[in-house]
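Submitted below is the structure of interest, expressed as structure tokens.
To keep things simple, chains are lettered A, B, C, D, E and F as they appear, and every chain counts its residues starting from 1.
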Amino acid sequence: MQERFIGKTITYDGRQLSSHWAYRNFGLQGDSIISFRGPCRVELTEMVDLADVLEHAPIFSTDMLHFIVEHFDLDLERTIIRQRLLIATLKDVIVQKTGAQLRRAGDDLFLGQRKLSVSIATLTPVSTMIHTGVNVSSKDTPVPACGLADLGLPDEEVEDVARDLCRAYVREYQEIKLARCKVRGVN
Amino acid sequence: MQERFIGKTITYDGRQLSSHWAYRNFGLQGDSIISFRGPCRVELTEMVDLADVLEHAPIFSTDMLHFIVEHFDLDLERTIIRQRLLIATLKDVIVQKTGAQLRRAGDDLFLGQRKLSVSIATLTPVSTMIHTGVNVSSKDTPVPACGLADLGLPDEEVEDVARDLCRAYVREYQEIKLARCKVRGVN
Amino acid sequence: MQERFIGKTITYDGRQLSSHWAYRNFGLQGDSIISFRGPCRVELTEMVDLADVLEHAPIFSTDMLHFIVEHFDLDLERTIIRQRLLIATLKDVIVQKTGAQLRRAGDDLFLGQRKLSVSIATLTPVSTMIHTGVNVSSKDTPVPACGLADLGLPDEEVEDVARDLCRAYVREYQEIKLARCKVRGVN
Amino acid sequence: MQERFIGKTITYDGRQLSSHWAYRNFGLQGDSIISFRGPCRVELTEMVDLADVLEHAPIFSTDMLHFIVEHFDLDLERTIIRQRLLIATLKDVIVQKTGAQLRRAGDDLFLGQRKLSVSIATLTPVSTMIHTGVNVSSKDTPVPACGLADLGLPDEEVEDVARDLCRAYVREYQEIKLARCKVRGVN
Amino acid sequence: MQERFIGKTITYDGRQLSSHWAYRNFGLQGDSIISFRGPCRVELTEMVDLADVLEHAPIFSTDMLHFIVEHFDLDLERTIIRQRLLIATLKDVIVQKTGAQLRRAGDDLFLGQRKLSVSIATLTPVSTMIHTGVNVSSKDTPVPACGLADLGLPDEEVEDVARDLCRAYVREYQEIKLARCKVRGVN
Amino acid sequence: MQERFIGKTITYDGRQLSSHWAYRNFGLQGDSIISFRGPCRVELTEMVDLADVLEHAPIFSTDMLHFIVEHFDLDLERTIIRQRLLIATLKDVIVQKTGAQLRRAGDDLFLGQRKLSVSIATLTPVSTMIHTGVNVSSKDTPVPACGLADLGLPDEEVEDVARDLCRAYVREYQEIKLARCKVRGVN
């Protein structure tokens, strides 16, 4: 599994959640986690979470840290569990950097009642994918929100959160693959 | 998925990690998480982690809080990811109760360099299973260890950790099943 | 698994056989069986059975009882077996109501040589689905057909067939899930 | 898939439910359904249904028609659905022969409250298997039971039930395989 | 599994790599391998190999022997291994006919540095598919190439290569299915 | 995937075909291919090929080059296809070294009617495994056989065959994993 932080600003509009995005744009072939920073603006027609579509709940943020994960298997339940583990790890990374008392509820992070992140996992014809976005700024968000800046994280350290999470996720992925291969079966 | 805290003391010796243990002993049919408290003493012949067997690393504790999880599918990688998520959730439960600065490294919890927990996931002929044990006492453990008592948790609240984790795991399991059913595929 | 009879008339035109139809229209999230009554008119471009497409065999009925089943896994063979079991159960329900001597041949029901039902099972990007339609009226059908009315079922009891089948299918689905969890493996 | 009726009397004692039984004893390689007639006597230690073990419910009959099915895949849920379909087909075969008003409840057949059959499905290390036994005689059975003889089936036609079911099951198996290959996916 | 050589010239333009192509055009239902002869001309928009798309590597040949394989399961890794085995078998067939010293490198055949074949394997919504094309003529190919004619194969024997490979692939497919059913599991 | 040639003589007696053999004995964790040289003597009780057991066909050779492959998934059909590809690659390696006109028939290699190799693939509770043995000497074999020595391979080059095959198999395994991740789906 490969990881990469993309230095330039990219607006997440949902089209990044499509198969081989990492390969077609950055040459990363195979399972990968990519991070970049930029606004978030997903039109209803691009939304994959039907619960949000049914509630006409827009996804919008002026400045977010984004993560795009792709796993080349077709087991959506497995990737949803991976997504939860990714969010739990993201929480650890942010807590370590800021000391903030964050709470994970499923695939969301909160500071008190204020929402710090959005996330979705889905299927493509050839893979499963995760998008997770964590607010840098909480300005103009559609729900009571909170951003890394509100937690006191200096702007120049936002990228460190990205790099730490990518590294941690890849390391855990490799440990999981090895853990699969060290246990005998039981009755 | 069902959950149960068993009030009586049970020694974990590895034989609990066998299929239908919850059903045969407590009548819980289907996916389940069971918790109980008691010593931990696993002989080499019962150990399922071959890395431990190869290193002749004994598993021993005088007083632990145990969790036995069974999922009736045969996807070991999926259950190893579930195991990591279980440990991340256990960390959240203990941190909330004690305020301790725990760290998760794969399927282990640490306070500094002292180990708080053991865990393994494996296959049976009909299911996958997880055992997780968290020290209550750190007396006589074979490696530098730490227990819930060392974190200042009153003895009468140990059971609360068990109940909180079981409830949280079952709730998340159900959310994951539903999350599987609310996303459209993408290209 | 959830079930629902929809009281209003809906024309089945093939577009109901698309993922999350129950969720998007009736708020049922997860595996479900939905029933409704209405005409059946499927254009060649909407047909999923290529055997019918190749034979230019139209699907048409002025009045049918419809069932739409969705299972959120991707195992089409498994869902085709479920479809056969659904038809066998539908036969039992109709026989119990009418005493008619029906015969199941694969995914079809017959009275003598007259066809009572149509059915198809297929894949969506995120699930597998079944459509089954049973004639209420046999007027104007493209092949020698038979309807529930021809079997002597009073019009006000058509809905009972729908409710009985939905209930029976959900109950059996739950029993199957439990049966999966009560057997030890053998050699 | 192959089928065979074995003309000699064989006592079903549970050991027939083991992988490659058809291949090792009758040279049938691959998926198969085998039928034979004989007593049924399963000791607790050989029983695979833990619900029966927990209830100390013996399985005993002096004269039964047995079916042993083996499918070389490892999907137990799929084979449990196949088992229900097998029982539904068995019901059709017996009804056609005897005119009796049988009722299927899951994997059991009843005449009123009297039980006609027993069945179990389970996993081997390389396959899934089904055993179904239908009483010929209801003498000395441990629960209120009913047999093919009680339904008026002449003894020389018992074998016809076996042959009819084997043929019907193999035919449906082949149709299911083909049905898998004739549908386009939908959205 | 069925096989067929189609006697008329067909241009491979990528659209043949779509589900049920064999069924819709030649009535072959289920797993199949079809062969035909004709030019090869795949536009970038039809190409499924993103590595070729990223490198703008055209696929072109004036005269090729083509093979279209469809397997009705969704395991792409399995079908990629099948593809390699198909190429290894194709090499054996050509070597036997021509005595040429061919070399297989992954899914390509070479004579020295000259490329003899192209191949790709991918997923459809209901199946996995393979296309393999082997040059008859090496005229006007975009890379240094070699054709069956260059190896000294008389034009009237090109079809024999097709028939031999189809037969060998179907035979091996059936042997693999049977081999699955003759081994006991080990510890 | 890891590979290793073990320099010391090991007798293959069937017990090497058990899960984690490479890990327990040589510390190789995860998918692996191991090669060694030594006699082959498999008692009927250790044989996994029931066809051989039924025919009381002994497996015996005084000097063989052995390969033990382990893949940590549970898809036996996939591993049987891998086995055929391994044999096809072994043929290429031997042909390149010796120029002999070998023929692959399924999982066997032949020189004319003389058998050069034995092979089997099976399931463990946690993985799938392959054993392939190729005769060095053809002395005292139970069937008309042929060995690498008979093909003129100098004794000191036998190990090269082992190393070449291990390297080629690992390289192809990695290419297959990558090939899985470079194709878009089609309709």
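Brief remarks follow.
The rule is short, and it goes like this: a residue touches a chain if its C-beta (ideal position, glycine included) is under 8 Å from a C-beta of that chain, and two chains touch if they have at least 3 such contacts.
The shown structure was predicted, so the numbers you read here are calculated from the model rather than taken from an experiment.
Contact with subunit A and subunit D alike is made by B, C, E, F. More contacting C-beta pairs link the chains of A-F than the other of the two pairs B-D and A-F. Subunit C and subunit F have centres, each the mean of its CA atoms, that are 50 Å apart. Averaging Cα coordinates per chain places subunit C and subunit D 26 Å apart. If you average the CA atoms of subunit D and of subunit E, the two centres end up 43 Å from each other. Multi-chain contact residues of subunit E, defined as those touching 2 or more other chains: 19-20, 23, 29, 50-51, 74, 76, 122-126, 177, 180, 182-185.
Chains touching one another form the pairs A-B, A-C, A-E, A-F, B-C, B-D, B-F, C-D, C-E, D-E, D-F, E-F. Contact residues of subunit C toward subunit E in the complex are 50-51, 54, 74, 76, 122-123, 125. The touching residues of subunit E, counted against subunit D in their complex, run 19-20, 23, 29-31, 72, 124-127, 177-178, 180-185. Every residue of subunit D that touches subunit F in the complex is listed here, in rising order: 20, 23-24, 27, 29, 74, 125-126. The part of subunit B that touches subunit A in the complex is made up of residues 17-19, 48-51, 75-78, 80-82, 84-85, 88-89, 92, 103-104, 106-107, 120-125, 129, 172, 175-177, 179-180, 182-187.
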